[in-house]
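Shared chain: chain A. Partners: chain B in the first complex, chain C in the second.
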Partner chain A sequence: MTAIIATAVAAPSALSGGANVIAVGVLLAEFGMFRQALLRDQVRLYAAQSALLSALAIVVAATRHLPELYALAGLSFALKVVIVPLVLRRLLRGIGAIGGDPRWGDIAGSHALSVASAVLVAIGMAAFGFFTVAALGLRSPVLPDTALSISVAVILVAFVLMIVRRDVVSQAIGFLSLENGVALTALVVAAGLPLILEIAFLFDLLVAVVVFGLLIRVHHGRAESMSTADLTSLRG
Partner chain B sequence: MHAVLTLLIVLPLAAALCCLRLPPAAARLVTAASGAASFGLVLALVPAAAHGDISYLRLLRVDALSTVFLLATGFLYAAVAVYSLGYLSGRPGSRPAARFSRRFWVGLNLFAWAMLAAPMMSNLALLWVAIEVTTVVSALLVAIEGTDGAAEAAWKYVLLASAGLGLALLATIFAYYAGAQILGQSYDLGFTQLLAAAPRLHHTVIELAFVLAVLGFGTKMGLVPVHTWLPDAHSEAPTPVSALLSGSLLAISFYAILRYYQVAAATLGSAFPRDVLLAFGVASLLLAGLYLFGQRDIKRLLAYSSVEHMGILAIGVSFGAPAALAGVLLHVLAHAAAKGNAFMGAGVLVRKTGTKRIAGIRGGLDLLPWSGPMFLIAIFALGAMPPFGLFRSEFEIVAGGLGSGSYAAAAFLIIAVTVAFFGLAASVTGMLLRPAARQPEQPGRGEPSAWMVLPVVAGVLVLLLLGLHPPAELTELFGRAVALLGGRPA
Partner chain C sequence: MQGRTGPRILQPYYDIAKLFRKEALAPDGSSWVFLAAPLAAMACYLTVPLLIPVLTTFGLPLGYMGDILGGGFILSLASFLVAVAALDTGSPYAQLGASRAKTFGAITEPVVLFVVFTVALITGTDLPYALAATVRSSAGQIIRPAHLLAAAALFMVILYETGRIPVETHTGTNEFGMIEEARPFEHSGPYFAVLKWGSAMKQLILYTILLNVFVAPWGLAATPGLWPVLLAIAALVGKAALLGVVVAVIDNSFAKLRLFKITEFAAGAFLLAGLAVFTLYLGGG
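Entry: the complex of A and B
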């Protein structure tokens, strides 16, 4: 009995403390995306969120003595903080959303809900995810379980983000942040995943970003805008 | 056998790379040859896979279950490669033909490669990667026509399927977590390792992983309510791609679900995973059956029929009886042949009449001496009429369901399949039998291309073979696969 009380009140280990702080940061970045009206700010916020993930990879590598994760942190940084934002910014510039007429393009399409309502829905979803996962009782000595609950909250908020967004670029960024949420879960529960598989996942993400970019360009070429409001011809 | 595995995974990729460089005239031959050769390689795998698992380099692993899905994909790859010879040569429209056809051939081979690779992966993570590759390649193929509808469908498809696969990745990660707790750091998500450790895995984690896998891969498989991309993508893609999407891609996603089913059944007992699949299957069958009424687009009609058949597969697994599981595997093959035929026949009708609107297509049997009757046969086969393969498979599924005491679900299956058949038949008989209105620019009687008939004839022969007398090797293969899925020999 005393042992249980002792573990309940003991200060968190460096791993779970660090993981929890960074996970909260990732969740806050996810919420921050709701209020970014400029597409380039969304890209920046995505890069910042990805940088937090790389930091978490380093924390996990140091505290759990998994040297492979240093390599993952480096690769993930190169891809998600440098290359993907670069690809997205080039894409935005290519379709005239940045640097062209400032009235066009760079401002994300309207939300299906007002920002305030969307955030309320997102808070509800985040709380649902947080408490549901906590109630599942997945406990193990190496698992920072608060961070796991938060990562599931991040994924659910990313779904809300994708649903309320009304333009193709923001939807794509919503998907990328969903992937960040999954990556956060992976760092928390599956830190020992072999590096080669992590590289496969990252490579896959890169291919997906290129394809998203191509399709955004196709959409922009057809619709002369990035709004998804006119994607209504296929029904029933 | 290792050489066969290696060739099978190298050949379509090599064909895709060749098509990047070669002129279209050569690219089409390379693709047709690669398709036929891949199907031959898969056939060569069947006897070996019916007797034991084949693994190679810890990376590739083929057992009886994966061979069933390789057969479906290999057959459709070959059929579609031949069909495309005719499809591309007489293509109306003014887009630059050389550029279009180069993209098409490269994309078709890459798509087939990713679909053939997925069931050969020994590892749940690489399985996920291969399925994600099928998504991105096929999204580009859906967009290839460059119309407004194609752009819209491709965007919906890539976004919804990627989000769904995000959930499937989460399932993969939980499967890793569950396994690593038992197996330690040496564990790399290898499927055999996980299955061997299954009885000791954490129950809640496996429940979570299974539900996420059904939801995530189910998005790609087209299970209601996460099927919404499917009718759009199937109707806007070029016809050969629609046939591959419907006949193999959905099946490959079902294969991924079956792998998680194996683990979940070994850990939790089969009751929980069967209930989950039953819920999704009933929703898919019911909704798709009703949507078949009142469709206005011929390819959307067939797309909803695919959702219906995916529902039948899910319900079949939920019965859990060996007969039902064998029926499910036969259904995968027969559905690939029948739905491939239906899409290819629809493609000829659309080419001949110049419209995808059901109301605009008239007198198909008069206009098309071969494709018309073949299309009708495909629709009857999809409606599980004897003597075709789907009759035998659905019969086995229903018999298995009745045998295992799932009377309500089996009765629902029979009723819903009948309703769906009426929906399908009502539209199709109008297109084929109602005489065409006399118009000055009426197209004459005749087939657009012999290449577009040949694979359909092959498909009918396969359907007859599966329905009348499945070869002994195939029955053996099914028996072994059913044992893998946990159905005890009756």
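Entry: the complex of A and C
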């Protein structure tokens, strides 16, 4: 039997296995956004995903001795786990989507496809991401290759999320989690990126949140709904 | 649970003992299949433990005659026989249960297949003994995402298969979510007892696969002596009881879904199993 085991896919080291598990957690959070029925929980899920990302940054910092990644992890935690969800929540409360009219907090019916089909489509996209990265043959010095494929899968699944969910907040969250996928890719392929660049990206994110917040408010003010389905009347 | 005092832990055994003393009736027009199916299904359930590591780390004399797929086939053969017997009665309830069980069985089948693929990719074989040995071999094997994802997917399938969530109440007789309880609706006496016993055995078999192959393959007897085996029995009972508590908590803390929402549950399990294969396929996951 030992001969049989030797031909199998070898186990990764405990460390890269753990890093992979965190990366898979980021991807699963992305999938969780597909079926989340309440705006409040959607924002929470985004915060959880960002927290996982910070944890991964700390793991990389500790194992690869990149002390500036600690600073990045702390900053990204403060911004994406605390400030962005806080801003989003305040905004949504301002228009009554959280804690106000329950009609607007409920986004359960905002799917263009049924949840099961949407998840299957997203699995297909994730598989596409996995296999394209495998075909590229990229190698990362700091993290296992699987983490790179997972990050590409996160980006693609975020696109699918933005396409199949028809409420503005899910689409904004989809965009923000897309940024999480990009940050994961950056962590895998370019962990030694100068800190100043990473910080610049993070503040770009803050700008995006403000712009999205404004768009959500304007849309809600004009259409009295959270759904982009009401925008079809703009067609000529 | 649910703020009420439940029946005694041993109540199912009292039920079975009582049923064995009752007379058996068969509906008009049913054939020999109706009476043979419970016994044949029981035989299937008795065969599967030969193939999986229940008490020992080494294979039993016939332990390598079938792999995980073989065990799965035998389990579905048992379920098929019960469904045929249910159809044989002509009773609408039994037929409804049988048809639902088969339809939803087809939905969860891909998940089981992907879990088997994962096992095959990890070990290079799909013998349950080999996977248990691999999991025991190092910590790296346990925290690799493929293993965790496959174990979680299998756990979801087991929750469904034993009728805990998403739509059924395990012993419920509410027709909206009736699958497991509807099939033996027309059976009575010893035959009904055998069916009930078989369904309880199926639950223990599935728990054993999850525990001794995926999650906690420790405490098994490595030698055929008396004491190691006794210890392994105690360990298995302890682990299964612990898992039972976890399942009972899950069972009681989630609302049941509507029947057609079962595809969402199956899609979730399929997602986990699919990701397990993807991460493995690229090597290392």
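Criterion: the second predicted complex is superposed on the first by the 208 of 236 C-alpha atoms of A that agree within 3 Å, B and C clash if a C-alpha of one lies under 4 Å from a C-alpha of the other, contacts with A are read in each partner's own complex, and residues count from 1 in each chain.
Heads up, the rule we're going with is that contacts are C-beta pairs under 8 Å (C-beta built on N, C-alpha and C of every residue); 3 or more make two chains touch, one makes a residue touch a chain.
None of these values were measured; they are calculated from a predicted model.
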Chain B versus chain C as contact partner of A:Pro144, first or second or both or neither: second
Contacts of A:Ala116 with chain B and chain C, given as first, second, both or neither: second
Partner chain(s) touched by A:Ala135 [first = chain B, second = chain C, both, neither]: neither
Touched partner set for A:Thr185, first chain B, second chain C, both or neither: first
First, second, both or neither for A:Val24, with chain B first and chain C second: second
Common interface residues of chain A - those touching chain B in one complex and chain C in the other: none
Chain C partner contacts - residues on chain A that touch it in the complex: 1, 4-14, 16-18, 20-21, 23-24, 27-28, 31, 35, 114-116, 119-120, 123, 126-127, 130-131, 133-134, 144-146, 149-150, 153
Partner chain B, residues of chain A touching it in the complex: 136-138, 140, 155, 159, 162, 168, 171-172, 175, 178-179, 182, 185-186, 189-190, 192-194, 197, 200-201, 204, 207-208, 211-212, 214-215, 218-219, 221-223, 228, 231, 233-234, 236
Residues of chain B defined as touching chain A within the complex: 123, 125-126, 129, 132-133, 135-136, 139-140, 143, 146, 148-149, 151-156, 158-159, 162-163, 166, 169-170, 173-174, 176-177, 180-181, 185, 187-189, 202, 204-205, 208, 231-232, 235-236, 291, 294-296, 300
In the complex, chain C residues that touch chain A: 121-125, 129-130, 133-134, 137-141, 143-145, 148-149, 263-264, 266-268, 270-272, 274-275, 278-285
